[in-house]
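Structures given as structure tokens follow.
Consider the two complexes below, in which chain A is the common component and chain B and chain C are the respective partners.
The block that comes next holds the complex of A and B.
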């Protein structure tokens, strides 16, 4: 039995709320995305729409395919189906080309350059940007994450886990993305730093109109800060709706459709 | 005493050549994880290019940059056309390909230039030559050229945008791709730089060994030993080991009676075995990352 046939749920649950993700305003349109590793299929047809400036959380149990979905969107895993960013097909492109189209991915394990200094990590994030704007972008990122300023000439690998997470997000923001993919941005962060991180993400999202898709284990946090939450289960986005619809604090598993 | 000093200077200059080739090996390994058995033969090919230019009447210090440019482009082409097909292969394919390249380049050079031994002009003025001092002067010249090359390389990696991107690729190719770096081109540039660095070693050693297609065989063994000391990752350790090997080889050949000229080659082999045994792990697992 299928758990997510279009007939099982109101179609609107898979789409952005009216006025944000629907229609020509959608920045990202994912349709029937399938992906896997060798013979092991992980994603079984993901549909998703994301508007510019919208922040959407993907919840769900371990192994459901949340990370694989982000990896397929950024080109690290080969995907099939269709992923349109502002009308441009992303599938089949190399990760470095997808970045150049405006998609930044902060992967699990952070994707930093451990032997390079904090400043060098940020400079690499900005290497595709016009030289004249890099200094201003650097100033912006250091204003968002002031703790990094004290460690600019230190190797990234010597930072604490939480600082590395901030640096990884900062590195991604230095590319000035239109779409930011975040794999557990709160991991390794103390509660206060986590809220700070989400405050920054929300500010960037609304100010720069950056769309964000974030995988998060902390459902309460995700539902508080995002505009919508989706639940990934067994390689499909099984349910979604405006954040707050699944009440903050309740486990997302309670909202699985009955099998 | 003056004899000993001269021996040490000569050992250092020989060691500088080993260090140069070892640095080329480390460069290639840092960027695409491949041990390039053909590094010596590519250097030999560069020496022939230089010889051809000199034969056409170019002065040495004009032929050198042209040769380096040819080697840089040639190395990039080899990587982009052949090596990239086996990159990321953890098994024996890269070894087979670079060994095959070594045999091919050697045979091709023999076909084009024959296996006849040719003399190669010593670029360093013999103006100060009186007795043994002349060889000491040219040894210092070799040391100086290798030192300048290493400083330039260091400055390139430390202080240029392209160098920063190359260090990022060496540190984490996947993270580099996620920052928009076209990693394939960087890997090609890594091979090109290695070929240029190796070319300097080839050109500097050619006047000492005479030019022939097999001239780099022995040098490669020493360079391998030096690179192994640095775990094929640490350029500083490789350079220091190369210099040390040159001195050890020269001194052992002169002062240790049973070693003599014929058994010198056991010095690098002993170093390789000793390092591998003491490290208790495959080469490349040790060594410090991120130093240039």
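The block that comes next holds the complex of A and C.
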């Protein structure tokens, strides 16, 4: 399903999985990423590599800088260091250019345009797409999230939490990303809805080779769906290890029991 | 509010994506579309007929007033793009109205150019000025933009007075009133009204198209959540600036029509108070709706004139108070109140 399915090879905690190292397959290479808000420094040198189609979880306590990292990657927050997407430097580019290069971001709190209809929300996702391909993009996204089809002309604000989250992800997919940044997509969802969402994400990732960086609070859940997990702590990323690897002994405070 | 999702999901790859809440669809809920007011088309048609018939049944002074409602309606339609759809405040639209009016006055009055030519020139000039002012000004947040636009509105009348040789100074300029072609057999007021009505119809259709276009959606997205719009590739700054350009153009066109209808322009017709009254009218009419500007036009035509009788500063004070009342008690404005009333009537009729 993912490029590095759990249990492919036994590997050590600190060894990057095959395909994510220095090989040509790495889609995203982040090196020494620093970012903050005005004088407040939040990220103090983040290193990260991600292969095409790979799904990686980012765990960590509140305020560690997970959201800030995603914002820096999508250009909302100015960052220093280096962020290469397929060899192209992203830092210093406007968010619009970064979207064009294939990075989509589902923001914290979903960021839906509540009074606009579901269809209009999806169309704004296709803002930069060539007009000729928008219908096909829409069809594709509705195939991933068929539930949305019944609500196309309803205001986004009137959907249930689960449907809103699907819309937020669907809208991001309308940009045809190679890399999808997801900021706590499970926030406020029932466990069942979260699982379904993650099932779709995993299917999208393997079907369309979309790499995903999934910020998640529920470590157990995240580890179940991703190939590996990283831990953000006070502005730095540390390696968490392959998904499914029993972490309980290492950072007990981080791994709350799943809901 | 939610509809049931009645087994319409795909199969295969999509089977995994079946994430809806299963609930039986009942009655209207099974439908795909939001319910629309059944008489919307009928109402529009009736309004159109009434609008065309009005100049032939009303006395000339009433026709003049109705014409002014349309003129201000066009200006407000533009201001609404910035305020209602863009979520920004402009206190300077009186300035664009003045510029459009003076372009008409100078072109037809001084240069003897045929009057219809003033309209596209005024539109182009004010669009350009709006873009030029909007680009830097809209980068500023709300209060700063209000200040910048307010200063613009305050500066224009003195500038007009300063260049008296062209503009007629504080004495103003009279504008030759467009006369009806003889084959129409229309009186002057009727001709002017129909002229303005035609421009208003085009203006409304254009605004509607604009709002439903890619740019219009982007503008609403920026208003609702700038950051979320930005990470989908929408550039907030350029869409706001474009909206400001469009809105200035609407004000400029309205200014030209004003000059035609009133037949006289002077710096005192375009004081800062006018800009404030215009902003009040957008809020009171109903920001973000297409009917709001028309209701706002009624406000601009009648309320300040009535308030003026009590004193010169009164229109501004009345406008300010009304803004507060509307924002507190009817945030969707008069248009929203009308919609609610219509919805209530429709429901009652539907039940009975």
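Note that the second predicted complex is superposed on the first by the 225 of 259 C-alpha atoms of A that agree within 3 Å, B and C clash if a C-alpha of one lies under 4 Å from a C-alpha of the other, contacts with A are read in each partner's own complex, and residues count from 1 in each chain.
Operating definition for what follows: a residue touches a chain if its C-beta (ideal position, glycine included) is under 8 Å from a C-beta of that chain, and two chains touch if they have at least 3 such contacts.
Since we're looking at a predicted model, the values are computed, not measured.
Chemist: Chain B versus chain C on the shared chain A, clash or fit?
Modeler: These partners clash in the superposed model.
Chemist: State whether A:145 touches chain B only (first), chain C only (second), both chains, or neither.
Modeler: A:145 sits against chain C, while chain B stays out of touch.
Chemist: Applying the document's definition of touching, compare chain B and chain C: which contacts more of chain A?
Modeler: If we count touched residues of chain A for both partners, the winner is C.
Chemist: Just chain B (first), just chain C (second), both, or neither: which does A:135 touch?
Modeler: Neither partner.
Chemist: Touch check for A:99: first (chain B), second (chain C), both, or neither?
Modeler: After superposition on chain A, A:99 lies in contact with both partners, chain B and chain C.
Chemist: Of the two partner chains, chain B (first) and chain C (second), which one does A:116 touch, if any: first, second, both, or neither?
Modeler: So A:116 meets both chain B and chain C here.
Chemist: Just checking: does A:159 make contact with chain B only, chain C only, both, or neither of them? Give me first, second, both or neither.
Modeler: In the superposed model, A:159 contacts chain C only, not chain B.
Chemist: Please work out whether A:124 is in contact with chain B alone, chain C alone, both, or neither, and reply first, second, both or neither.
Modeler: In the superposition, A:124 contacts both chain B and chain C.
Chemist: Give one of first, second, both or neither to describe whether A:199 is in contact with chain B, with chain C, with both, or with none.
Modeler: In the superposition, A:199 contacts chain C only.
Chemist: What residues on chain A does chain C touch that chain B touches too?
Modeler: 74, 76, 94-96, 99-100, 104-105, 107, 111-116, 120, 123-125, 127-128, 171, 175
Chemist: Name, in rising order, each residue of chain A that touches chain B in their complex.
Modeler: 74, 76, 94-96, 99-100, 104-105, 107, 111-116, 120, 123-125, 127-128, 155, 171, 175
Chemist: Under the definition above, what is the set of chain A residues touching chain C in their complex?
Modeler: Counting only chain A, the residues touching chain C are 74-76, 94-96, 99-100, 104-105, 107, 111-116, 120, 123-125, 127-128, 143-147, 149-154, 158-160, 162-163, 166, 171-172, 174-175, 193, 196-197, 199-200, 203, 207.
Chemist: Quick one: which bits of chain B touch chain A in the complex? Just the residue numbers, please.
Modeler: Residue positions touching the partner: 161, 164-165, 167-168, 171-172, 174-183, 289-291.
Chemist: If we count contacts the way the header does, which residues on chain C are in touch with chain A in the complex?
Modeler: 1-6, 8-10, 13-14, 16-21, 32-34, 214, 217-218, 220-221, 224-225, 227-235
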